[in-house]
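First chain A sits with chain B, and in the next complex the same chain sits with chain C.
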Partner chain A sequence: MSRPGAVLEVDRNSPPTLFHFGEGVRLERLPLGSRILYPPDPLEPIAHPERAIRRALAHPLDDDPLKELLRPGMKLTIAFDDLSLPLPPMAQPDVRQLVMEEVVELAAEAGVEDIHLIVATGLHRRMTEDEIRHIVGDRIFTTFWPDCLYNHDAEDDDENVRIGTTPDGHEVTLNRRAAESDLVVYVNLTLVPMDGGHKSMATGLATYRGIRAHHNVDTLLGSRSYMHPPDSQLHHSCIQQGRLIEDHVRVFHIETSVNNHAFPTVANFMQKRETDWTPADQATYLALKRLSDLAPRDLKRTVFHSMKAPYGLTGVNAGQVDQVHDRTLEAVRKQMTVEVDGQTDIVTMGLPYLGPYNVNSILNPVLVVCLGLGYLFNLYRGTPVVREGGVVIMTHPCRYEFDSVHHPSYIDFYDEVLADTTDPAQIERKYERRFAEDDWYRQLFRKSHAYHGVHPFYAWYWAAHALAHAGDVIVVGGEREVVHRLGFKAATTLADAFEMAEQTVGRYPSVSHLRTPPLLLADVR
Partner chain B sequence: MSLLDDVRQVRRGWHWGEVKPRSWPERAPAVPDRSSNLGWARSEPVRSARWLLQKGVSLPFTRVMANPDVRGAEWMESLERPAIIAANHSSHADLQLLLYALPDRARERTVVAAAADYWYQRPWLGRLVSLWLNTFPFSRTGGPQAVLHHSSQLLKSGWHLLIFPEGSRSPDGRLQEFKPGVGFLARETGAPVVPIHVRGGQRIMPKGRAYPLPAPAQVRIGRPLQAKEKESARAFAGRVESSVRELAAGSSGPEVVGSWIERWRAAELRSGATARGRS
Partner chain C sequence: MLALQYLRSLPRYALVRATGGRADVATGDFSLLHLGDVPEPEPPNGSWRRVLPSLAGICGSDTAAITGHASLYLDPLTSYPFVPGHEVVGVLAGDGARVVVEPALGCEVRGLSPRCARCVEGRPGLCQRVDEGDLAVGLQTGYCCSTGGGWGEVLIAHESQLHEVPPALSDEAAVLIEPLACSVHAALRGGAGAEDVVVVQGAGTIGLLTLAAIKLFTSPRRLIAVAKHPFQRQQALRLGADQVIRPDEVFQRIRFATEARRLDGPNLSLLLGGADLTFECTGSAAGLDDAFRYTRAGGRVVAVGMPGRERVDWGPIWQRELTVMGAYAYGTEATGRRTFDVALAAAPELGLEQLTGPLFQLSEYRDAIAYAVQAGRRSTAKVAFDLRGLRL
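Presenting the complex of A and B:
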């Protein structure tokens, strides 16, 4: 039985605390009395994933068995989540591979001749051949690539259709192949409560016109948090769009959840609480610390990005999306929830090398904000861990460093937009449409492996709630100029950051540290 | 921070030998225990280190010692997915000859089943061979389920699996009967089996000798075989054995065309398990 999440108080005997620092790690001493929030240990995975998947397909929730939905002559489309999930990428075999192999096998038995597999990239970058192969496995890849297995193209006007308008007046668009199919099977992997449900189809197979309905400052400010769907306007909007899609096309939803076993054996110490570290863990920490201090950036990046997570399947459900998603969220919360008593004045977080939008790439300054203030800050239910007007302290080298292939529009966003303003609402008003409709970004998005021109805006909007909530944001170890461009304060050491924070929250503030990844969901009471 | 500072921080951070404060929680493994599968040997940077060792030491040494004559390497290149490589076994030199014969891409993705009761009795030896040759412990005496499960996981993860179906080295260089394990594994995973015959290993390093001597060697790679719908594991193992015998005697097939269902069936990685699970 794995241990539940815990909140430990720092005392005189506590070991130092691990902070992620981009492609590196640090040990830091937190003030006495600080709280450290630890996620639960990984849940025991399902022993026979294939058997569980077959059972889920044969006994779906509020739906007919998949086998009965398949018939010769039909048009079948299987859509699946892209590489932004899970993080880090899962060691082979990926659970999506296992699920899709079962679905394809059923389709072959039923004699379905017309079948397409689509990577639901939404406005994310096109996945490369190797990345797709990694997710779907060799067998599916060799059978379907490239004619019947491909990335969704949100900028191909011929290959997307307008489905209609939601009661709130939002446009809904969908990939043409999916819209014209007799059945769409969506294969999802839910890592955090934000993922999955109606959001999968409503964003993964949509276009900018559909996605902008919920990816905007207003909606995200009203999502408190978007890691808790009932309190999230983002999800309410996605649900409306998803229902409209379901009125138009028959969808069979398959959702999987995994435990939080996020690091391979070589980096096991990152998985453990510091009080559990053995001498071997300490030695590994020292080795990794030296490597990250001394090695060139490219080498560090290669080493860190080559880590694949040995996630274990904890749940698989199929059928109607609402019922399926409820079950999935239950499994995800069980893995992530930590009960926390009350808010604090300061929250600290060590930002790792990886967020959803830089798999095999660089975590540029805009993505640093998205990861820290967008994702980690929002990992709560109820109220944020830090009080309103409190201080968020993040550790990250925060360099002026961009991947020009994956993130071309991010470079211009940083140089042009952030030089003007960091206010999300103003940014949205003044700049969004121009970037979203820029022909050159559109070309790179469609033909290269670039994120959509509008994507840096969304990354920034994710942080809108945190920017409005926090009194101050301090980045420890970041390049001063870059941190200032982002609108934050730069500190050299954590001790300096606490000193600076006292000017905002007063002397003797309370401190909480999010010891993540692995990810946790703070249930603040 | 210098290395010394880091070490000092870690040394002082944890209070060894002292009674644990009450505020510390109960110690527990953070991750569920799993049997060791030497996964580190298949991850970076060990793979790069092995590549260097093989390219820099093993392969040139094999060339000098045996100058192997390799035929049929195109069969390995034609593989579109992980396969079981089944070869005869008469010497410790066989593995080096086989690795020499495989195309670079296949070699880098090949994991070798090594007898757990021989190579993994001493941990240092097990780690050394895992590092050098990418082996994993394969039980010759344990239950077939665990062995099959682990081997099929490797195949599903994209690794070719090299096994010696005779079970141990032939004492006189003649081919011994193939054990049915190769058939079970192929049936279970649906992976194709590539038969290979190695000749000359026994002259380089016969059973009982601790060092190699130069001698010429030949490696013959045959056409991949696929278990048939109702063929038993034992019968399929027999077919693989016959194929290796044919290669020893000196002999070698067509691409799949048609609808996706035919391609899917041809690439049937897990058909055995699927069919059984559904029945």
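Presenting the complex of A and C:
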């Protein structure tokens, strides 16, 4: 039986608290009386994942068994989430591999020959061969790559179709192969409540014209939070699009959830509360700290990105998307939820080396904002952990450092757009279209491994709610010039940051620390 | 008279070159420079006047010559020993009128008749008879042994070389009239169109003044300055750049500004598309190489900064069908006005004083040259000699 999430108060006997700091870690002393939010311990995984998958496909929710939907001569498309989830990537076998092997097996038994597998990248970068192989496993990869296993291309005008307009007047686009299939099986992995459901198809197999309907400042400001779909305009918009897609093509939805066993044995201390650290954990911490203090950046990055998480499957559901997604959310919330009593003046968070958009890459300054203010800030249900006008304190080195292959438009976003303004609405109005239609970005998106030209805008919009909500944002340990470009304040130490924060929230502020990763969902009452 | 002289000495030249042009060697006891008493230049006839320099600038071409980096192409076009200094504001001996000197030594100055074809065109800087007439060989005052130069107490100038300085223009501003005239000529020669994205590579004196001239006399869609040092960036913005970028980000920023495509090769990046017109004001191989790769196919590159014997890749010039043109000196522009007059008229609104300083005495020439070599890093553009004290 795993322990539920907890809120512990810092007292004189509390050990120092772990803060992630990019490709490094720190132990920090929080003020007495601060509360630390810990996620639940990893849930017990399903003992026999393959068996659970077979059962889900044979007994779907509000749908016919998958076997009965398969027939010879049909056109079958299997679409699946890309490597932006889970974080860190899952140690092999990835649960998507297990699901897809089962689906392909059933299709083969039914005599289906026309099978395509599409990585539902949306406006994310194309996954590399190795990354796709990591998700689907050797068997599927060698059978289908490259002709029948490939990345979705949102900028290929010939291979995407417009399938209609939602009641709100938003355009809906879809990958042509999927749109023209007799059946689309979508294989999802939901890590946080924002993922999955109708959003999978509505973003993963769409184009900029479709995605911009909900990836915009207005919608995201109206999503309080987008980690809680009922209060999320983002999800309402995706649901409208998803329903239109399902009117157009038959979809069989498969969703999986995993526990939060996010770190391999070597870094297992990060998984634990500091009070639970053994001498071995303390020694590992010291060794890792030493490595991260002394090792060259590239080496650290290689070491950290090579970590794969031993997640365990906690749920697999198949059938009609709404019912499936409700079940998935239930499992995800069970793994993530921490009940929290009220808001505080300050929230602190240690930002790790990895977010959804820099797998095998660099967490550049724009992605730092996306991770801290876009994702972690929004990991709440009800109200944010920090009160309106409060202060967000994040620790991250926040260097001027970009991956020119994965994030070319991020460089220009940082240098050109943020030099002008950090206001999301103004950024959207003045610059989005220019980036979205830039011929070079389009070329790199299609032929190299670059995120779409518009992607840094979405990363920034993701933080729009936090930017409007927080009275101040302070980055501890970041490069001063970079932090200022982002529109924030730079502090050298956490103690300095608390002192600076007092100017905004007054003396003796209340403090919450999100002790994440593993991720948690604060249910703030 | 007291003057700094530039000597022609192969052993000294070899020594300076061997040290890579280190300022302490290039101005040391075994350098090509010598401070001492030298004979005053003799006016060839009554059309010549004696000029007592007030301020004389240290130009990039001067430091290139002193540090052994100047193109040897110029050697036969120069007569030795000469007193350097072609950026000069001074007073006329006798009536004390304040003047700037237009240094080009063309047919008219040399007393040659008929004048050569280039001089007839109004381009004495391109004179084809610079080895004839009343003077020894030399392209300019400051590179000719007959005329003296600004780095001495006295120089001689032909009446046609003299331009009166308006009272409102300080010496500190007037000493930049010569480089401003070069820049005006470059800007007009480049002739940026209304839809052009123009890049000025380099933000030393010539880069900044070229930027100002482009802004004043043409109207490109976007004017981008490439500047290395904070002072240069600040001045570039003041003088009209729409955007100032660092040398290490030219491909990223110009790509964005021109909506080009960028390809990264094994040694350097290149743009498919790029700037319509580039003014290369560094004269360095790195600057030229970059300019040839970020200027669009069919575009133009104007070489304004004085290059030496630079090793540049001609591949992009060939493949992109670039038009590479030099912009040297001044004369009479297409409008019929002399470039110096245009520069004198434009100068008051440019706040040129902000670019000048510090000023050094001739006796401090070692410090002055060392300072000038690192002017940008030391937050200035034009280091100059102040000779006003020698007249007291």
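Please note the rule applied: the second predicted complex is superposed on the first by the 525 of 525 C-alpha atoms of A that agree within 3 Å, B and C clash if a C-alpha of one lies under 4 Å from a C-alpha of the other, contacts with A are read in each partner's own complex, and residues count from 1 in each chain.
Heads up, the rule we're going with is that a contact is a pair of C-beta atoms (placed from the backbone, for glycine too) under 8 Å apart; a residue touches a chain by one contact, two chains touch by 3 or more.
Note that the structure is a prediction, hence the values are computed from the model and not measured.
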**Message:** If we overlay the two complexes on their shared chain A, which of chain B and chain C does A:42 touch? Say first, second, both or neither.
**Reply:** first
**Asked** Which chain makes contact with more of the residues of chain A, chain B or else chain C?
**Response** B
**Message:** If we overlay the two complexes on their shared chain A, which of chain B and chain C does A:249 touch? Say first, second, both or neither.
**Reply:** neither
**Message:** One more residue to check, A:148. First (chain B), second (chain C), both or neither?
**Reply:** first
**Message:** Per the contact definition in the header, classify A:416: touching chain B only (first), chain C only (second), both, or neither.
**Reply:** second
**Prompt:** Which partner does A:7 contact after superposing on A: first (chain B), second (chain C), both, neither?
**Reply:** neither
**Request:** Figure out whether A:285 sits in contact with chain B (first) or chain C (second), or with both, or with neither.
**Result:** first
**Request:** With the two complexes superposed on chain A, say which partner A:295 touches: chain B (first), chain C (second), both, or neither.
**Result:** neither
**Request:** Check the residue A:425 against both partner chains and state whether it touches chain B (first), chain C (second), both, or neither.
**Result:** neither
**Asked** Which positions of chain A sit in both the chain B and the chain C interface?
**Response** none
**Request:** Within their complex, state which residues of chain C touch chain A.
**Result:** 249, 252-253, 255-256, 259-262, 264
**Request:** Please name which positions on chain B make contact with chain A in the complex.
**Result:** 1, 3, 6-7, 9-10, 13-15, 18, 20-21, 23-32, 39-40, 43-45, 80-82, 153, 156-158, 259-261, 263-265, 267-270, 273-274, 277-278
**Complete:** chain A residues touching chain C in their complex are 404, 411-412, 415-416, 438-440, 443
**Prompt:** Of all residues in chain A, which touch chain B in the complex?
**Reply:** 2-3, 6, 8-9, 11-16, 27, 41-42, 44-45, 50-51, 54, 91-93, 101-102, 104-105, 108, 111, 113, 115, 137-139, 142-144, 148, 261, 264-266, 268, 271-277, 282, 285-286, 289-290, 293, 302-303, 306, 308, 310, 312
